[in-house]
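So that you can tell them apart, the chains are marked A, B and C in the order they are listed, and the count of residues begins at 1 in each.
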Amino acid sequence: MTQPWTDIKNTDLAIVMGGNAAEAHPCGFKWLVEAKAHRGAKLIVVDPRYTRTAAVSDYYAPIRQGTDIAFLLGVIRYCIANDKIQWEYAKNYTNISYLVKDGFSYKDGLFTGYDEMKRDYDRSSWDYQLGADGFVQSDMTLQHPRTVWQLLKDHVEQYTPELVERICGTPKDKYLHICEMIAATSAPDKAMTSMYALGWTQHSKGAQNIRTMAMLQLLLGNIGIAGGGMNALRGHSNIQGLTDLGLMSNLIPGYLSIPTEKEKAIGDYLATRQFKPLRADQTSYWRNYDKFFVSFQKSMWGDHATKDNDWGYDYLPKLDVPAYDILRMMEMMNEGKVNGYFCQGFNPILSIPNRAKTTAALSKLKYLVTMDPLDTETSNFWRNFGIYNDVKSADIKTQVFQLPTTCFAEEEGSLANSGRWLQWHWAGGSAPGDCKHDTWIMAQIFLRVKKLYQAEGGAYPDPIVNLTWNYADAEEPTPEELAKEVNGYALADQFDAKDPTKLVAGKGKLLVNFSQLKNDGSTSSGCWIYSGQWNENGNNMARRDNADPGNMGTFLNWTFAWPVNRRVLYNAASCDMQGKPWDPSRKLIEWNGSKWVGNDVPDIAPDAQPGKVQPFILNQEGTARLFTRALLRDGPFPVHYEPFESPVKNVINPAIRGNPVARIFQADVASFGDASEFPYAATSYRLTEHFHYWTKHNRVNSVLQPEFFVEISHELAAEKSIQNNGWVRVWSKRGEVKAKAYVTKRIQPLICDGKAVHVVGIPLHWGFMGAAVKGWGPNSLTPVVGDANSDTPEFKAFLVNIEPTTPPAVS
Amino acid sequence: MFMPNVPVGQPVPGFSEKDLIKRSASSVPEPARRLTEVAKLIDISKCIGCKACQSACIEWNDTHPEMESFQGTYMNPHDLTPNMFTLMRFNEWTNPETDKLEWLIRKDGCMHCSDPGCLKACPAPGAIVQYSNGIVDFVHDNCIGCGYCVKGCPFNIPRISQTDHKAYKCTLCSDRVAVGQGPACAKACPTHAISFGTKDEMKAEAADRVKDLNSRGYKNAGLYDPPGVGGTHVMYVLQHADKPHIYNDLPDDPKISSLVQAWKGAGKFAGLALIGFAAVASAAHAVFAGQNKVTKHDEEEGEALTGKDA
Amino acid sequence: MSEALRDTDRLDPNRNIEHRTMVQPGDAITPGTKGTPATVKRYGPLARLNHWVVAFSLIALALSGLALYSPYLYFLTGIFGGGQTTRWLHPWIGVLLFVSFYVFFAQLWRANLFNRDDLTWAMRFKDVVAGNEERLPEMGKYNAGQKFVFWGMSALILALIGTGVLIWQEYFAVYTAIETQRWAALLHAAAAIAIILIWITHVYASIWIQGTMRAMTRGNVTAGWAYRHHRKWLKQLAGLRRKTAPQANAVEHTKAAKHLGL
């Protein structure tokens, strides 16, 4: 989220699309309820299903899953056509006036440089025209045909309300009503917030779904302002923390990246990451990349990371592929290229697409280690549970080690919420039986592996044997020790940059925040963006002062928000070119003539002059990108592509199946179905009674929603002679499930290009373990397709067939 | 300032037996003090149907509802039970005026009527009580499990346990209110759809909500505080207060059934009077008419007819 | 059909209906001997046992029912061991009453069919109350008042068991709508009051009319009592006796009684 949850109360209009905030985020949703109750805010819900969020909305419109880009590009077209643009904002805070290279073009669904064999683009033309000074060329009149504005206008022209209706199935009158509501927030003193979640990310073009809304929000001037923003409602209490801390194969904590194998030396690595400003006087914060990186290396290897060994650059693994994400890992297990798997707090049997493939992959392993507080399906994947897990146990040779861990309520630590607040929590109880903290288990494994390396040597023992391990009890680092390590220490006395006589952190002290990080090895920090969480003032994450003097919901003394306790990202954009808030009644910060002051920590240097230094300091332009250059693999502008499994043809580019650069494995292509055999558009989702596959182990949650079901319309039910509460069989090319049918008015057939598209909704909370009634999940059916940029699986749009059936035999 | 949780510190905490204003099958003296009436306000327009209230209710009351099955609706368990004092009921309603679907989600449970039908019907002294703050509570030590409360209730709320044969329903968390806390459901409600406070405060809050709903086109929005039962201490804000029945059969004009009134009201005295009259009349007859005896003549005639053995 | 009745029918084929309504199997005259007056056998041991089962059930039901009916009488639950016990016991006693009463009913219903004499009797109710039996028609085994008690009880017990089952919370409440239960509860209470009123009449009548009680204790009445209150019945029995050989008659009756289990 660019905002904290508490900022939602400041909004005038919320659009929930690609998410279901009320059901999946009921606690955060209270702030929207508050905005409705006390600001008169309106809520729009656009979703294939009339959800519980829709139940409290002011306006609902249906949409076919996987067509959000068409919908939103159409809204952008509407805003352009009706001059509903926040012009001062767009011209100054976005790249709307920049000139794009002449080589760049878009035609028939593809941008310049597509290579069909590689399923990838040569993106070299996707960039600005730079002047001799290295700065970007622009035309503030926006008349130049190569301005982003002109290109964007051309790009969205196709997405007329009629086309949107044909693609999305959204009735034109409802669509236009929503356009009108959204466009009204282009007024400088109006704010719209976009609340989305996995309904946008879990597509083969998930990143572009989100970008399209971001572009719309920028044109409306809704980014950086109170009550605005792009708000990713994270699907997990600490999934924000997962990405922050780089728990992905291609990341280092703090959104630094793992080097690729082409980047042999540290110089190659830093050169492509330490972005220079593209405008005069602009701050480009990533210029400090080397400080963050070196400090990270120091926290990892301490005295073993020296200038002479390039701060231990060689200790880092180098990527030969873009990422070793979960889909690739399963593919490699299936190919026999991976034979051991540590599965920590994860239940892939139910959580990743094509369960049959996952089961086959795990069955080929030599060993599987599961670390989980619950007795998961993955831990038991080899056991036969009748129709619910019909495997031949005798044929599975995988040795499974099940290590019971504590759960969040049994341990101390911080959770990073969607609003980037690091909230410290304390153990509510002790763990049952032999459960151990994950940190204890990891320490045991590490110490044993280290011992083996020390005793037996090996190919390259250095990164392991030299790893810093300065914990009071080497067997179990404490959360406090880890939190301090992540915050970072001064390895030598640190002085104020402007006043070298002023000591800010003596040697061995905790750093105040990341502004003190150095590239000379005199500082350490495990995750630069978290620096400040636990400094010499103490554990800032444990703060619980709910004072909010400006009544802007910033709560600056409540826990700690990264970065540097900032609550609203890009908040300098909440002010005009003079540094005055667009809406004086909703002041986050303002320029007082010499510095930025206000209710939030400014997202700009405190003395950076408004109008000169633009607010998007993490971009080398200083402005936000409507045209995203070469930074996304599938295009600088979003394009409507159908899901890989779609009930209808792509009406604008019939020759293209799916996102042309989405990640697919050749071996999976044969498992994709088409509409002739599988005519119904399925989607997966959660219900508010449950959390993933955890709460089915809890009796109370299970009582409230005990059994697997699928949701279909009355029309489909009539067509297929399916009774409400009767049993159905749902199958895709990859598997089948049995479920009770919920025949509901909340799902209506969508008329797409003159054809009725029936939606089958498949909630995901059941399996063969736990307290609830045994059942299946959607991932027995979903295809293995990864988003072009994030590799996130396309869980939200796939094809199935359905028929009435008999109840499963009771075993 | 938004208060996401219910304020702690209720009007008059620590109420007890001396605050009873009604007691089933018995009478109570007029209490020395009158507590401020409390109320729970359920704002259906803010409710997202998440069932946190149900979950909190189970946890706080330590009940153990059965694991059931999917029933063709999001509602679960299938009904209020002796182990489930509150229940989200879901209705997919197409508004005939706008032709738009509205998913009406109502938290069902005891309404804590000012004129409680359960209490009126209850034959066991002290099994159902009403405090002057409006809370209607079941005292399980006195409950005999007859189910009369079920018949007395205009809202179909009490449920009789097949395990201990006692009646169960929402207590408005009288145990929590007594120590200055709000009900568990209100505490757990993430969207402030359930509020708790004095009845006057809740009415004022409802008026505010109705204004907001009016502004959103719900011209019949209103407060449900039905006068037929003397008002309730659980009230609803309804988007369509002109037709409560669309909210899963919320009664339009609930009253204690006239059958129950006849049975437990006048009928009770009339019956006893009749029995008393019959007894007295018989006694009087005996006194005035004397016993009906067999006369000598009867005996002789009888003997004559029956004859003698030879 | 019992042998006894066949006997009677054979003996007086033109009056068989009349016989059936007046004389019942087991009814017989025991002639007096020196020092002991003649008696007329009115109820066999099983009928008497059944009567008392019905009687005690009815009393227990009345007490437990009244306890739940009126707060003033709730203390009566003490007799049964408290409210909970009263609650579960009451319906089971009801079942007992229902079953035993209807066995009783099967034995007696024919003798309780109304006839023209009953109308006359009812029209001279003043004389009934005053005890002026000489002004009343001769009665068969039962007079109209007794028949009223009989049929009243029969109907009300049926109503009570029917409505009682509907409000039997433990087993049957789930099968009926609450509105139905409300009707049932009201009707159950009304029927209970009515049956109590009948019961009072019945008990009082048995006390007021001297010599009645022994019919249900010893099973017989004096010939004088029978002559006074049920003369037609007595005459019938006497007539029967004259028309058959005394010895054979006695044997037949005993056999018949055994056969019927009376």
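The definition used in the following text is that contacts are C-beta pairs under 8 Å (C-beta built on N, C-alpha and C of every residue); 3 or more make two chains touch, one makes a residue touch a chain.
The chain list, named the UniProt way, goes like this: A = Formate dehydrogenase-N subunit alpha; B = Formate dehydrogenase subunit beta.
Quick caveat, the model's predicted, so the values are computed rather than measured.
The pair of chains sharing the greatest count of C-beta contacts is B-C.
Overall, the chain located most centrally, as judged by its C-alpha mean against the mean of all protein C-alpha atoms, is B. Between the Cα centres of chain A and chain B there is a gap of 49 Å. In this assembly, the C-alpha centroid of chain B lies 43 Å from the C-alpha centroid of chain C.
Chain A and chain C, compared by their mean Cα positions, are separated by 86 Å. Taken residue by residue, chain C touches two or more other chains at no position, since every residue touches fewer. By the touch criterion given at the top, residues 9, 22-23, 26-27, 29-30, 33-34, 36-38, 40, 50, 52-56, 58, 60, 548, 551, 687-689, 699-709, 724-725, 740, 742-746, 771-773 of chain A touch chain B in their complex. Chain B makes touch with chain C in their complex at residues 25-26, 123-125, 142-148, 150-151, 156, 160, 162, 165, 257, 259-260, 262-263, 267-268, 270-272, 274-275, 278-279, 282, 285-286, 289-295, 298-303, 305-309. Contact residues of chain C toward chain B in the complex are 29, 31-33, 37-38, 40, 67-72, 74, 77, 82-84, 86-88, 129-131, 133, 167, 169-170, 173, 178-179, 181-183, 185-186, 189-190, 192-193, 196-197, 200-201, 204, 207-211, 222-228, 234-235, 238, 241, 246.
By the touch criterion given at the top, residues 1-2, 4, 45-52, 54-55, 58-59, 64-74, 76-77, 92, 94, 100-103, 105, 190-193, 209, 212, 215-216 of chain B touch chain A in their complex.
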